[in-house]
Structure formats: C-alpha cells, structure tokens
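What follows is subunit A paired twice: with subunit B in the first complex and subunit C in the second.
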Partner chain A sequence: MDLESKERLFINKIDIENCGRFYGGGHTISLSNSSEKNITIIIGYSGRGKSTIHDLIYWCLYGEHKKHAEEEHKGLDYGLINTDALEDLSKGEGVTASVTLSLHNDKEEKYLLTRQLKATYIQDSTKREFEPQNNSRVSSGIGFETSAKLIMKNESGDKIIEKNSKIINNEINKQFPQNLSDFFLFDGENLVKFKNQSSSSDFIKDGITKISGLEILDSLMKNSKNTAEKIQTHIGGKSANAAPYSATETRLSAELETLKKEIKNDEIDLLKTQALLNEISEKIRKNKDGSKIISDQTKAQKNKSNASKDLKQNNENIKDMLFEKIPQLLIRDVLQNAEKIFERLENEDKIPPSISRGAIDKILNSNPLKCVCGREFEKNEEEGQPWVILNKIKGAIIEDDLSQGISLGRDLISRIIDVTSMKKLRGDFDNFLEIRREKRRAIQEQDAEIEEFGRQLKEIEYDEQEDLGSLKAKYWDDYTEKSGLLKIKKDELVELNDKWNENHKLLEDALSKEGKYDTEKDKISLGMAVSKFTKHLEKRIEELLRSETQKATSKYFLESAPEKQTFDHVDISENYDIMVKDASDLVASLSKGQAHVLGLAYVAGIREITHTNTFLIIDSPLHNISGIPRNEISEVFSKYLPGVQVVLLVTDTEYLHGDPTGAEPVINILRKNGRVWKEYFIEEVKTKEGIQSRKIEEYNDQ
Partner chain B sequence: MVILNPIILKTLKTFLDENSEIPKEMQTLVEKLLKIEEISGNSKEGIDKLYDQILDQFVSKTDLVEWSKNYGS
Partner chain C sequence: MSEEVTSKKKIDLSAKRIVAGWPSVGYDGENERVREFYAKASGTVKSRTSMFAQKKLADIFIFAMALGKNAGITKDYDKKSDRKDTINMDYIANQPEYLWMMIAIAIEESDGNLEIFQDSRKIIDICERYANYGIELLMEMEGRASTSDPYVGYEEKFDDLLQNLKD
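Presenting the complex of A and B:
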C-alpha cells in the first residue's frame, strides 16, 4: 500500500507527577531505544497503576481520556489528578498533575511534550459532579484548567516552545494519528476476542474504518445529501404546489434518520447477544452430554423454522382462496351463462365469420366444401378461387385483436369456471385446513422438544459454577425477541423509504411544472449523486483494505503461530469474520494461544499497511492466558517484532511465576532470548506524611 | 482538522479510471468537498453553505449534471 513512510519515533522517557495513584513527582520510566534489546517490561500487582501508565501516555498525546469499552467513569471518584492531592486542598490552593513524554527519532529528541491539568480549590461545596477534564466526580467548588507545551525544532532547526493546543494536537497527530492509536497503545484484552470470529469482527471492522479514515467519507456522504435536501426544502417552501410535498419530505427524512440509527444500534446489540449465545453454546459443547443436546436442539429449531415457513405459505394460499377464488365463485353462474350463450351463438353460426375463426374452420373442414349458408364450392387452390380467399380471411382473423380477445375471454371464463367448481374449492379448502392443523401440531411438538432440551441442558453439571442451560435459554429468548423486533424495523424502513421516494417524485414533478429553480435542481442532482458515489467509493476502499489487512495478518500469523505448519492462510470475510484456514481451504480450530497470536498478527499487519513506525505498548498482553499457550505467546514476543520498541505491562503473577497447567514464568522465556532491556516494578509506598503512593523501580530479582 | 488518508484520494482516482462513464469533473468535486471536511473537522457550523457554494461552481458542468441526474435518482 502506497502510504508515506514515517521516520521511526519512540518514547525515550515518561515523567509522571500527581497522576492517578502516583502521588507527587519523580515517577520516571526510561524505555529501550535499542533494536536488539527492544522490550521493556513494567510489572505490577493488579491495581498498582499499569493501565494508568498506558492511559496517561494517551492523555499526554491527545489531551483526551482513553475510552474503555466496558467502563463507566462517571460514577468514579478517582480521576486523573491524584485523589489524595486533590482532597487535601484548602481554599485558594492548587495542585497540578502532569505527564511529560520525551519522544526521540534515531538521532535526537524530536519532541518534549508536557500536558498538565491544574485544579484550584475555589469555594466550599458539598455537591459532587462529574468533571470531564479529570474524568471523575469531584467537588463542584474546584476549578480545572488544562495546558500543554511542546518543545520542538522549527523549519530553520531552532528550538521553539509551542503552547497553542490546536497546533500541538496537529503536530502530534501527524506523527501519532489518534485514529491509529489502538495499534501502538494496545489493550491486550482485545486479543481474547480473536478466539471467536464474531466477537473479533467488530474490532476488525472498527480497525479498518479507523485506518482508512472512512469517517470522513461518511461525513461527506451525509453532508452532500443534507445539502441537497436543504436546497429542496428551500425551493419547495417557495413553491405553492410543492410546499406540502416539501414539508412531508422533511418529516420523512427525519423519521428515516431516526429509524436508521435505531436499526444500527439494534444490530450491534443483536451481535453482542449472539456473541454471548455462541460463547455459552461453546462452553456447553465442551461438555459431552451438552454437545449432543445442543445438536438435537438445533435440529428441533430448524424443524420448527421449516414448519413455520410452510404454515406461512399455507396461510397465503388460504388468503388467495378467500380473496380471489371466492369472489370469482360468486359470479360463476353469470360466467357459465355467458359461456353457454357463446357456444349457442357459434353453433348457430350467429357470430359473423369476420370475427369467428371457428366459423371459417367449419367451412374449410366441411366435405364437400360448403359455405355456412349451405352453398357448395370446389377446393381449388388457384389464386382468386373461394378456397384461397377463405384461407386468406382465416389468416387475417387470426391476427385480428378482436377475435383473439373473444377467444382469450372465453378461455379465461372456462378457467375460472374450472377452478371455482364448488367441489374442487371445498376439497382445496379442506386440504389447506389439514395442512394448517398439521404444521401447527409440528410447531407445538418442536417447541416442546426445544423446551425439553433446554430443561436437560439446565440439569447437566458443568465444571464451572454456572447454570449454562438457563443462561442459554435466557440469551436465546433475548436473541429471538431482538431479531424479531429488528426485522419489524427493517420492514418499516423499506416502507418508509418507499414513501420517501414516492413523495420525492411528486415533489420533483411539482417543481418541474413550475419551470423555475433550474440551478437549484441541478445542485440537488449533484449533491445526491456525490452522496451515492461516495457510498460506492467507500465500499471499494473497505474491500481494498480488507484484502491488504488479510494479506499482512496472514504473513505475520504464518511466521509466528504455534504449530504454524498446519495452517495455510488467514481469511477476513466480507463481514469481517477472521478465520484461519488449512491448505484445503477449511476453517481450522485455534487454541487459546494461537487465537492470541492471531490478534497480535492482526495488530502487526495493520501497523505494516499503515506504515506505523513507532512504539507498541501493550497493556495486559497475556490477559486470560495460562498454561502452555502463555509460553507460546511469550516466545512470540521474544522472537518477533524486531526493531519495534515494545513495552509490556504485565502482572507479577504471570511474569514472575509459572502455573500448575504448564506455564513457565514469562521472565525466563523473554530473558532467554536476550530481548529484554529493562524490567520495572511498581511498588506500593507511603510518603512521610502517610499518603499512599507508587514507586517505579528497576526490578531486581537477586 | 481531520487527516485525509491518501488512500482515499488514490482510490478515488482509480475508481474513476475504471468507470469511464463517470465524468472526470466528479474527481475535482469530491476532492473539493473532502477538503471542506478535512478543514472543518468536528465543527459543522456553516458546512451547508460551503457545500452549497461548491455545488454552485459545478452547475455549469453540463456533462456532470446530466450524469448526476441519472445516477443519483
């Protein structure tokens, strides 16, 4: 992919003061700039502040707090500024929290970036409210102020100090694009998602959207359509004929917008429920009895779904009978009489030959040849003879619309009479009723079976202390209800779209009758076309990036995965499901360790295609991994990602100790390969004043 | 300010090269509108006016307007 390469930039030093659990100043961490010993480790018990360091780097770079998917900060009393320092303030006093990053290229310090948040106790207040700058609940009597300072070189090579936060943000974003931050400030919890195709798909889609900057195209699509609609509303309002349609269009557009948003949210919600359901099913499948019951239950659900479809079709047939055949039955007598009249008229030769092909046929088939009036004549094929003339007349009649109309009409009457035979209708109706009874019975039976399987699932004893059967039943009900509601909304959307199009046509017609506003109408066409064109363009970019991501992820996975020889390639489907396949193109099942490596390969792949040439800080890289898979992943860290400044924020348990299921202490694996530069340990300490704080020290295992 | 990924502009060009029925002025029009998006970033104030002005500049491109009428409908 032809994206500009960037110079390699890395963090040389981090200085933290009064942030989170780090009270006071002097909390400094130097990171490796070596390509050989490229890994720095930060070890800490749970809750010691590892994730805080990760999030503080993000805050320093962008001046915003990193959003975590499942966190709700608004209720927390712990925020950016150290809580003890904040709570100790007296009226008129202030405290400043700051983070400084020294960012280097291969030659020198390129940026020295400091971001500060100052809190000042202004007045007494018992009220506590959420303060977005501090990202926590604080007394409303405290005022907050942020500032930033960037020391860098200007174009002439002189050092300058920049304090304008907009300029700072632009400069930093050029080097460390915020939309790519997930790929250099990575949350290890996301790696767990790669064990399951559907739970990783959102993450992959989100990644592709972010790296391509597709939000800008979404905005272009929306704004060009909005502008076109506004012009339409404007000219529609001026025209008396078009005004009602214009008002309707405004209303329908707003309704469409709301409904689309609702559908999008519901779809996300449904996917989450589906992921939960899959997770539970997966756990149940691991149990032998559970696996058999789930398989039987799935069959019963399929049978129920087929019976429901048949029942729906049968109901349609009954409707057809009620609304088409029954009304026809009511005019059956009239039609039968009409047919008799036709037959009699034809037999009596009272339909003039010019419109009756039957009459001509009668003449031509008579022997000896006779006219309808009884006159005989010879079968002579010479030009001008009655035989030839009659044949010509017959040919003309066949072409004649009127005679064809009559025969078609008769044909239709015969068919209606045939299908509306009382006996036949009664037979059909009885048959439909029987099918209905049978299908309803089948659905009830399948429902009972599904319920029974659900009950059996609840009775199985699982290794984990969870009632998986009940959970599955709950999620299944939840999923069915949500998908049903989603379908209703999607049908509403189709209906609403049709209404919009119908009204839009009327609006266009009303405006074109006026013969005015040509320029405006052209602008509307341009705006609508840009919106549609952008949609196609966006699709194309998504496809392109999906295929590039797939290629790059495949490359890294096949280089580093445990038992990599059993795999052939990685596939990312149109729905962004990620699958590892073997040489026969069959989807392979991945161990926890392999799935984790797949996630890392994806991160490495995205970094490659975006030419991200900077640090990779991973918070909890071994999240939820134990036993042999942990050893395998540690090997990956120690062998791959050469030259990349890697910082791993790990717990002491995983880094320093093994586990009974075969995991070695990670420290042994990483040190063996000689890639670790320094290890730090975050300790809990008390200051002279008795305030709890943290101390970051080099780890010494001697 | 939003950073415009070069891949968008590159694909825009390729896409138009592959679809010769789309008038070439579409590239300039989309590029101009993307520039507005890039500069305005999250501030949406007056964006309609800017869009309106750009569309106004392209009304005289008869081929583009005619194509748009068929394509957008």
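Presenting the complex of A and C:
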C-alpha cells in the first residue's frame, strides 16, 4: 500500500476511434477539471455504449480487457474493434481501433496515452474463433496486433515518446495501480451487493486483498505448504512406517476438496434463496398491511436473534463456571484438609508462619496504627511500643524459598476454599439457570409470533394476484433448511480438518523417526517455516487493513447516509461481512438507498486509506435504484465527493425522469446543487455509408 | 519457623521455581479412547461446544484427577510403557491453582510429610493414578452431552456437589 501523498491526476479528454459501437474517429469527451463543478455526466439509453466507455478507459490504461473471461465472450461477435469496420475489410486491408487519454495534473498535460489494436485481413476463412486481443469471436483469417504510445516528459523536462509496452505499463501503474482500479473505475452494479452483508463480503475481501498485496503472500503461503505436504506424502509413501498415514492423507485431502466445493456451491445457492426471499419481502412491503406485518415480523426475528445471542453468552458463562469450579469442589475437602495440615506443620515449627515482611510493612505504613480492639497508636519509636515490636518481628522473618512458596500455596488454597462457598455458587448457578429458562421461553414466544405473522401475510390479498405470503413462507422454509444443512456441512468440514491435522501429525512423527530422506526433511521444514511466517504476516496485514477500511467507511457513511443519525458505526467482521450498527451495537437494517451509500462510503474509504487521488468513474451508479433512494444517492454525489473528478455513466431513465412515487429527476438535484460541469448524451446515428454508429454530444434539454 | 528444615533438607518451594526439574505429567496413551479424548484438547477443536474445546491437556488432566480423587479410586497403568508423558509441568505452573491442587492431594496422602516436596515424581504418580481413574468418569460425562444440551453431565455433577458439600 502506498501511503505517500500522490499528485492529483485527472482525465482531461478521451478520444475514441473505431471501438465498440463507435464507428470511425472523432468521438471525443472532455471531462471536468473544476473542483466546484466536478461532475461530468454521460447519458445513454441502455446498450448505447456507456459501459463501453468505462471499459475502454481500463483497456487504454492497462492494455487488458476488464471483462475478459473467454467463457463469457467466446460466443460474442462484438469486440473491441467496431464490428462494421471489421466486417468491411477486404483481403490485405486493415483497420485500427484506438483510445487516447489526455491525463493532466494541476498544471499541465502529464501523459498522452494511446493504445491501439490493428486488425488485418490476411486470408479468407470460414472458421470463427475467440480472439483474446479483440475479446470476441472473429474470422481466423484476420490477424491482430496491439501497440501503445505514451508521450511524457523526461527528467530534464523534455517531451519523449515511449513505445515500449512494458515501460508504459510500468509508468501508468505507478500512477494508477491496476489493483486499485476498482476504486477509480467503479462498476455501480457492485453497490447492490451492499444491501446484503454476505453478498458484499466477497467484494470487500477482494478489495482488501488487492490493496494489500495479500494475493502474493497467500500464494507464497499456499505454495510453500503444498510443496512441503507433497514431499511429505511422497516420501511417506516410501517409508513403511509412514505409508498408512500417507495414504490416509491422500484420501482425506480428496474428501476435503470435495466438501469445500459442495459448501461453496451451497453458499451460492443459499444466497440465491435469500435474494428470492428479499424480493418477495419487497413486494409484500408495497402492500400497506403487508408492510406493517413484515416490519413486525422482522422485529420479532430481531428479538429472537437477540435472545439467542444472550442464551449463547449465558451458556458460555455456565460453561466457564462448570469448568473452573467442578474440579475445585470435587476436592474441596482435600483442600480443607491440606489447610489444616499446613496449620499443624506451622504449629510444629516445621514451616514458617503465613506472614511476610511485605504484610508487616503494610501495617507500618499506616499512621496511626489501629488495633483490632479499636485503639490507635501514634508513631512512637520507644522500646516496647508497637512500632518497635513490629519492626523486630519483621527482622526475624526469613523470606527464603520455603516461606515464600508455602505462603503462596496456602494463600491459593484458602482462596479456592473461599470462592467455592456453596451459598454463593448455588446463587450464581441458579441465576444462570433462570436466565437460560427465560431466554429459551423468549425464543419460543418469538417463534410463535413469527409464525403468526407468517399466517397473517398469507391472508392478505395482493395486487399482483400472487399468494406472496405463502411464497415467503415457502422460501423462508427453504432458506432455513438450506442454512441448517450448510451448517452441518461446515461442522463436517471442521471435523474432517481435525482428522486431517491429527493424521498429518502422525505422518510427521513417523517421518521424523525415519532414518533416511534428510534432504527432503530439510525442504519440508523450510517450506513449513515459510508458510507459518507468511500466514502470521498475512493475518497482521489483513487485520490492520480491515480495521482501517472499517474506520474510513464508517466516517464517510456517517457523514452522508440518509437518516444517518440512527446509526452509530460500521463494522467489518473477520469474514468481511459489512454491517451498520446502532448505538446498542445491534445490526441495523438498511434501505436500498442507505445500502448504496454504504457501498459508496466503502469506495471512498478505500480511496482515502490508499491515498487514491484521481478520478472516480462510476458505471451505472444508480443501478437498480428508484424512487426517493435515488434522490438521496444523488445528494451524496453532489455533496460528499468535493474536489474529486467524478464521471457518472447513467441511463436516461435514471437521470432524466422522476417516478410516480414522487422522486425528482436526478438531473434537477445535481443541477440544483451546482456540481455538474457538463452533460453528454450518446446518440444513435447513421454514417453517410449507412453504418450505424454513435455520436457523443453535449446534452441539451431545451 | 525452623531454619533447620530449609538448610538441612534444602527444600526449594519458591513459587517460580517450584516445578523446575519436575518430570512431565502422563496419561494412558495406549488406551485409544483416552488418547483420543486428550487429543481433543490439541487446540484444533474450534467450533464445538465441548467443555474442553480449545482447552489444554493440563485442563483435562486436572479435571480427571479431581474426579478420581473425589471417587477415592486410583488406577495403575497396565504396564509402564502405556504411560505417555506429554503434559509439560509449565502448563500446570501457568495456573498455580492447578499446581497447589496437586500438592494438596499429595500432602494429604503423605499426611503432611514435607519430604514429598523432594520427590516430585511421587507427587505426579499420586495425581496420575487418580486421573487414570477419573478420566473414565470424565469421558462418561462428556458422552452424555448433546448439541442442544452440551454440558448436561457436568451440570448434574455440579448440582450434586452443591447439594452434598457443606460450607
């Protein structure tokens, strides 16, 4: 992580030629450099090329496609180079697609970066195959070649032209680290994930992993461990003593792999069920009665969850008490006998009395001395006075090992006897049992309420003519069953891991007794040491970053969230679940708008801790958001990202229109706040040759 | 206080040094059930509700020793080689209460003979023999646990002790 403060860089201009749906050249967009009017809007109907612009900026910066999964694209005929331009080629002809970014600092143009992909029709071919450079399926008779050019200043301030891709990528990565690109080229679809803590956890984990360089550590750790274990299994197979453990390890490893895959699939399945459940709940909320019942049901579920947590904590308290006190109670009479034996030994002068010089010092430090009978003695150092007598006793005490040891032991034994007072323990234990009964009762009551609300939901007549109540009950049962099964599998995984570890220890023991294979054993020790050290390091970095991300996200969220006063802080758990909590540390449920803002706060938080001081281009920032929440998010854009060059790629519906629920068009809100510099509209046009293309023009609503 | 005792017999009872030089504590490692039960405390058990999840071998040993002593029954190893000495005394000294519970049992058995402190092996032998029997009782208690009621056996024992002991 780069903690140095970075020079502010922004995109001044984008030029696109023959890319995607943009045929030919002249597709230019200038972006705002104003710190007051810092927002540039690019509006386009769905499918007009907004996401293409977003992805082309990424391609120009790094020479890679942002979405480049072969599986996803192998059936597509639309790629980087405009399809019409590509299809029009005759043998021997070529076409070049290019993107140029003019990147400025606060004084001047710092970089002029051009990335090109040239296609040449080499030979006729009927075969079409996936071409990774173009990111689509193309005729195999076409050849592709990429090139890049970076104009910048050298150390003497002279302009130089760099064409070496490696040097260009290195220079660009210094300014715009690719692993942080999610936080300046952001896909708004990710914001939807923040409605649900578990669906956002992968995104957050991925983010923290990327910014920390943990991927490298993780791979080093796994590789070292795997190599060591493979050597162990290998030489284990050759050693007569270790062979059975080696075979068991191979079998258990395979079982572990299978179970992990099953758990991963089940988790995805559970998330889908949860999404269906949420969808049904949203529909029910549109009905007035339904909305109230759902809210009451959610409250009952929350109460149940709180009672369950209390019950768990109480069980822990009971466990601690039983664990500590049972052994002490079991031998309480023995301890009492030992106390008497020590007393007898003291009377027989075989051990010292249970008194120390320190204890006498404590008495002497109080002036006047107070006797148990109530008399007080002022300090007086005459012969025969208490001060003098006590000092004499102190001098006579020999604090050797014996007296210290016996004093400590007798003290401990009498303390154990004291704290195992039957009356007190009975009272504490009965109290714990009462709490347990009370919490179990509360859970049962809440269960009954939840069921009753479920029944009421089924009785409502919904506009959609669907029996939403029954559907919700069905999905809820489905969800409960699946999460129960998943828990069982996770427990199985823990058990299987235990078995693996236990067997692995036996394998290690058997190998350590083996007289041969010294070189391999050294390699194993080294591999394990590297893995252990890396794991420790990884954990520390991860904890630090998680805590920093949490703090920064919390700060932005509490500044900008709608109804922010109801929240207290944001938590990111060890599993990367992100939760907003109230002052009682209870997880608050978020509206769609608040969840979106949480996502934006996370992006802003990561930008802050990584000192990312550059543009923020968001594709579909209002994805899947309508009504009032859309307006709330617009306020966030206009108020809480001051000075950041913001580019929002929006659809006409989400930007230009209000909706029947009374939401104002976003354009009005942003313009009212005076933060919009320019609005562009992506038009669909036909060229003179009759080819369909796009034209980017300033938006005029007059 | 007799200086004679300390100077002639050279008994070292300093709290810090008390276990220095003591041998490790052992258990019946040849008995598969006992071995597996002790292995539960290897630190790998994380999510279970078991009383001994994430605890140490020393915790199990002391629990078993107390149960055996309370029952007043000892059990010897079938043969010497059955004994697996793996519980380092440092783990016991980390909790001085454990150490003094062991010493209390040994001093009671020897009726206050201070010479027992010179023979740590003997203290450990006495405690191990009680633990060898007590572990059977402990496994029985643990075996009664269920997911919904993980400490049932322990609760009954605790209740029983509270009813039958007097302050």
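Things worth noting here:
Here is the rule we use: the second predicted complex is superposed on the first by the 389 of 702 C-alpha atoms of A that agree within 3 Å, B and C clash if a C-alpha of one lies under 4 Å from a C-alpha of the other, contacts with A are read in each partner's own complex, and residues count from 1 in each chain.
Basically, contacts are C-beta pairs under 8 Å (C-beta built on N, C-alpha and C of every residue); 3 or more make two chains touch, one makes a residue touch a chain.
Predicted model, so just to flag it, every value in this text is computed and none were measured.
In the superposition on chain A, contact of A:N164 is made with neither subunit B nor subunit C.
In the superposition on chain A, A:P177 makes contact with subunit B only, while subunit C stays out of contact range. In the superposed model, A:L526 lies in contact with subunit B only, and not with subunit C.
Once chain A of one complex is fitted onto chain A of the other, the partner contacts of A:N497 are limited to subunit C, with no touch recorded for subunit B. In the superposition on chain A, A:L537 contacts subunit B only, with no contact to subunit C. Once the two complexes are overlaid on the shared chain, A:L545 sits against subunit B while remaining clear of subunit C. Residues 1-8, 10-12, 15, 22, 26, 29-30, 33-34, 37-38, 47-48, 51-52, 55-56, 58-59, 64-65, 67-69, 71-73 of subunit B are the ones that touch subunit A when the two sit in their complex.
Of all residues in subunit A, only 1-4, 170, 173-174, 177, 179, 211-213, 215-217, 219-220, 223-224, 226-227, 230-231, 519, 522-523, 525-534, 536-537, 540-541, 544-545 touch subunit B in the complex they form. Touching subunit A in their complex are the following residues of subunit C: 1-3, 5-6, 11-15, 17-18, 39, 42, 44-49, 51, 55, 59, 62-63, 65-67, 69-70, 96-97, 100-101, 103-105, 107-108, 111-112, 114, 150-151, 154-155, 157-159, 161-162, 165-167.
For subunit A in complex with subunit C, the touching residues are 315, 318-319, 321-323, 325-335, 337-338, 341-342, 344-345, 349-353, 397-398, 400-406, 408-409, 412-413, 416, 421-423, 425-426, 429, 490-491, 494, 497-498, 501-502.
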